[in-house]
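These are the structures, in structure tokens.
Next come two complexes built around subunit A: one with subunit B, the other with subunit C.
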Partner chain A sequence: MKFRALMVDAGPMREFANIVTIISKLSKECILRVAADTLYFIVSDDNSGPAPPVLWCEIPQAMFFSEYQMVGLDDEHKDIYLGLSSGNLSRSLVTLKTAKSLKMKLTKKQCPCLTLEIEMPSSTSQQTRNVTHDIPVIVIPRKMWSEFHEPNTPDPDISIELPALKQLRTTIDRMRTMASEVIIWASAAGRLTLQIKTDMAKVSTRFKELRVEAFEGPIDHSDSETESQANEDMSRICYCRVDAKKLSMFLSADQVTHNRTLCSIVHKKLVILCLHTEENVRLQCFISGIVY
Partner chain B sequence: MKCHIPGANVKVLGRTAHALARFGDELYLESLPDCILLRTLNAAESAYAMVKFNKNFFTYFNYNYYSTEDNEGLKCKISMKSALNIFKSPAHMDKQVENLEIKLDAESCKLIFQLKCRHGIVKTHFVSILDCKAMQAVYTKDSVPNRITSPQRILSEALGNFQSSDDQVTLEVSSQSLIMRNYVDTNVDLTKIIRTQISLKPSEFDGYAIEAETTITFTLKEFRALLAFAEALNLPLQLHFETTGRPVVFIVHNGSTFEAHFVLATSKCDSASQATSTQHTNVERSKRKDSNSTLGSAKKKPHLEVDISKCLDEDSHLFNFIDIPEEVMLNKTSTNGNIENKSKSSGKTEEPMDCDNIPASPAAKNMIKSVFKRCFESTFDPRNLHGAILAENSDSE
Partner chain C sequence: MNWSKMDDVNSQYYFTASMDSGKTLCSLLKAIQFQETAVFCALPEGLKLTVEEGKCVQASAYVPSDNFTEYHVRDDVDVMFKISIAVLSECLNIFGSGEESSLKMYYRSEGSPLLLVLQPQSVNNVMTDCEISTQNADSVLELRDEDSAEVAKLVLKAPAFLGLLADLERSCDVIELHLSPEHPNVSIVTYGMQDRSCIDVPKSSDMVQSFTCENPVTLKYQLPHIRLIMKALAISSKVVLRCSSNGLLLLQLKLEKEDQRQMFSEFYIVPLLDD
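Let's turn to the complex of A and B:
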């Protein structure tokens, strides 16, 4: 097993540090899957069972690394799966924003380590200094690989583009102080509604004229307890009740310079938030719906 | 004692109080004819700090304002907490405070700090005196082989790469490079912590003279505090050190008005566990470590060396400190100095002599080894035992 990669461009390095920071906010542990053309970060819930992972992030290596070499276990098992503490990784990469280059490699120093060699410019002279971090990792045995397969999610009923994440995050963070659950409504007409209900109040925030990517209507509301929204065809609206904290955690991804974020909803069951960046990184977050 | 400190210098004093507070819980204050000394020592006696303010730091200075006949200055000990209370926000102090007056209230045994602030506000702190003696550590800073002068930012930038949970740092110096790494305790789970290593080139430093390559390990908490002090005052930092087990002295001074010495004990670094360097040597090292552990941590070194390393392993008491209520202090320090000089001139073998001054703290772990000491010696051969058999071997089943 071998892995060695080199990053030299400032933009991708900053992006990489940001992505790792988001992951460290979502979970303490994560899986790094090294494949020939892509790096994957996978966060799966401990007791998720057959449910999709919490987070699935794909980083195309060609966009980020100037050098990239990896050799897997054998011809049939070409990938490397590493379990590591996402906090350790993100704390080591904080300095990446000013760094000149980052070299990542898999080493064995008393225990398997992901070694990061960061070349830092000196503030006082033209010299550079080398910082080496050895982050202990666990090499995931082959028989457990199946637990980290690509998520197989049901087809969403609607996919709608989200407004600016920063705006959304401030809204959610306000709502979070009042209720622990948020209902996300999305209509085929391009309207997104965030709603909370408490004993005292019902708060809704509406975002209009959003682009609808796909709609697989009509939606069956026959068993639902929902009161109909004024002047709108209910069969063209679907909703999902989710944990506000999880949603807010994903929205902390607003520091990534991104092109677009897509919100896909499987009616009452699942919300899939998918963030695409310019560098073709796909960061998907799966938040399962709460049903009473 | 009575003195006045102008506003700009109050900030310096405030920074000093904050740096010293990271070292110890008690502040020793001593006034001499031409300067005031502030000192502190931590509870484990492994870190000591001394800051000397010269006469020209003050606008008015009288070292024995009240005592008339005995020409003695003030020697007292106050609690660090009360000192910190006076200097709550050192960053803004120079803008708010116009003048600080420190004087002794001879009748009630209190030290009075009177801050004259803007807009005619006067804050007066009465600080109780806990004790009336001075304390001084004995260490050498001048006749050491290794000296580094560093711009204040370099080292603090380098420390920024370490985790906040790291508590000790190892400095490996050679004439080509300075390597800093976080110290990993042998009984810590290696799969949990990040090992970090930073190599700095000598050309980054203002001065870099290494005569004896060495590796020293000391605590990060105090190191961070003194770096923050140097950075706040925008002054370079000088490192003076010998080898592992001997204290490292950090000096910050501005040439004229004040000089600060921070002394940290260094502990012996277990090379087998510190393995971020090159890979092949690591393999060797880990092999060595393995063989050690299979032998039940038997030490293969000759007995004398074991003793030394045991002394060096102790974090505390790595330099002597003495209470100086009387003039005996002068004699004492000079004799101590002699011992040190002697040991240095007669070379390395004499080093354990110095260690004799160190009161060893009880080492519970080594108890079993010292009781059955001979079994652990490399020269131990059971066939050579000719003593009487106290208990026969039990019958086989």
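Let's turn to the complex of A and C:
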């Protein structure tokens, strides 16, 4: 098993640090899967059972690293799976925004470590400083790999482009002070509604003119006492009730420069938020629906 | 909506109002938000929200009707109900404090929810509508006593007065206010565990804009009650203190807005009586 990689460009280093920060906000632990052409960050919910992971992030190595060498477990199993503390990783990468280069390698010290060597410019001289972080990792044995397979989710009923994440997060954070659950409505007509209902208030924030990527309707509402939304054909609307805190955490990903964010909904069951960046990073978050 | 239709709406609803930006209203509400619920009262001359702390402090936010681009109250009914002020201010702030958003309010009839429609000024593909439940209002305390004469009146600069209150020791329970026509005119005394501290403010001080007091008077209040006005002071330019002969303290704070319109907050604070 071998892994070493080098990053020298400022843009990708900043993005990489941002992505790791988001992951550390979502979970204390994460899995780093090293494959020949892609790095994966995977966060799974401890007690989720067969449910998809909470987060699935793909980073194409060619866009980020100038050097990238790896040798997997054996000829048949060409990947490396490492378990590590996402907080340790994000704290080590705080200085990456001003660094000249980052070297990452898998080392054997007292325990297996992901060693980060960060080269920092000096403000007073031409010389640089080297900062080394050793992050203890657990090498995940082969028999447990299946727990971190690519999520196999049901086909979404709708995929709709999200408005600016920052705007969305402000609104969700205001709603969170009033209720712990948010209902997300999406219609084939390009409308997205965030709604909370409590004894005190019903608050709905409605976005319109959003691009609909895919719609697999009609939606069956026969089993629910759904109230109709503004004279729209209900068979073209689906919804899902989710935890407001989880939604807000994903939305803090607005720090990562992104091209677009898609929201896919499996009616009443699942919300998949997927953020695409310029460098072809895909950051996906899976929030399962709350059903009473 | 054309005009005739708007008139229809106005006559159907007990109360309707609209405003270009709900931001100032929101910060005014936050300044008196020391209780969960407020009494919402739409009067022909303006909107008033009142909260009470025990039977000792009564705070009101008052927004004269000229702050609204449209303001309509039916004159044959009383528009008065209880509402969660926390929920109301969160709703007004739904697009964040960095965003100016226009606000419309509707209240159909007794027992109806208060409807709010908010639209940010910078983006036009989003809007929020809120239905906030309302309850019948209990009567609001009438603290003002017409028979008690005013014994002192001070006009102070709000930021300076806020600084003065912030300097007072937090752990003190009681604040004593000595007012006198003689120097040092105003003296504020607090008693701590082992100490007594005193701040003198002569009427020549920069923070005093006007001072009226015929006879020396000493008044005592609970400091935590006085501290309730600090959030309102932080957003106001001027504060008027009025003491009446029965010890009741009235503070009137003026909030200056960019558009020259004014909003106010008002606090009645009941004195501590010697036992």
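The rule we apply is simple: the second predicted complex is superposed on the first by the 292 of 292 C-alpha atoms of A that agree within 3 Å, B and C clash if a C-alpha of one lies under 4 Å from a C-alpha of the other, contacts with A are read in each partner's own complex, and residues count from 1 in each chain.
Keep in mind that, in the parts below, a contact is a pair of C-beta atoms (placed from the backbone, for glycine too) under 8 Å apart; a residue touches a chain by one contact, two chains touch by 3 or more.
It should be emphasised that the depicted structure is a prediction, and the values quoted were computed from it without experimental measurement.
J.: In the superposed arrangement, does A:K97 touch subunit B (first), subunit C (second), both or neither?
T.: neither
J.: Quick one: classify A:H149 as touching subunit B (first), subunit C (second), both or neither.
T.: After superposition on chain A, A:H149 lies in contact with neither partner.
J.: If you stack the two complexes on chain A, which partner ends up touching A:K109: first (subunit B), second (subunit C), both, or neither?
T.: Touch partner of A:K109: subunit B, not subunit C.
J.: Return the chain, subunit B or subunit C, that is in touch with more residues of subunit A.
T.: So, of the two partners, B touches more residues of subunit A.
J.: Examine A:N88 and indicate which partner it touches, taking first as subunit B and second as subunit C; both and neither are also allowed.
T.: A:N88: touches subunit B, not subunit C.
J.: Once chain A of both complexes is superposed, is A:R174 in touch with subunit B (first), subunit C (second), both, or neither?
T.: After superposing on A, A:R174 lies in contact with subunit C but is clear of subunit B.
J.: Taking the superposition as given, does A:N130 touch the first partner, subunit B, the second, subunit C, both, or neither?
T.: first
J.: Show me the residue ranges of subunit A that touch subunit B in the complex, using the header's touch definition.
T.: 85, 88, 91-92, 95, 107, 109-111, 113, 118, 120, 122-125, 127, 129-136, 138
J.: Help me check something: in the complex, which residues belonging to subunit A touch subunit C?
T.: 163, 167, 170-171, 174-175, 177-178, 199-210
J.: Within the complex, which stretch of subunit B touches subunit A?
T.: The contact residues of subunit B facing subunit A are 151, 153-154, 157-158, 160-161, 163, 190-201, 203-204, 275-276, 279, 282, 286.
J.: Which part of subunit C faces subunit A closely enough to touch in the complex?
T.: 84, 86-87, 90-91, 93-96, 98-99, 113, 123, 125-133
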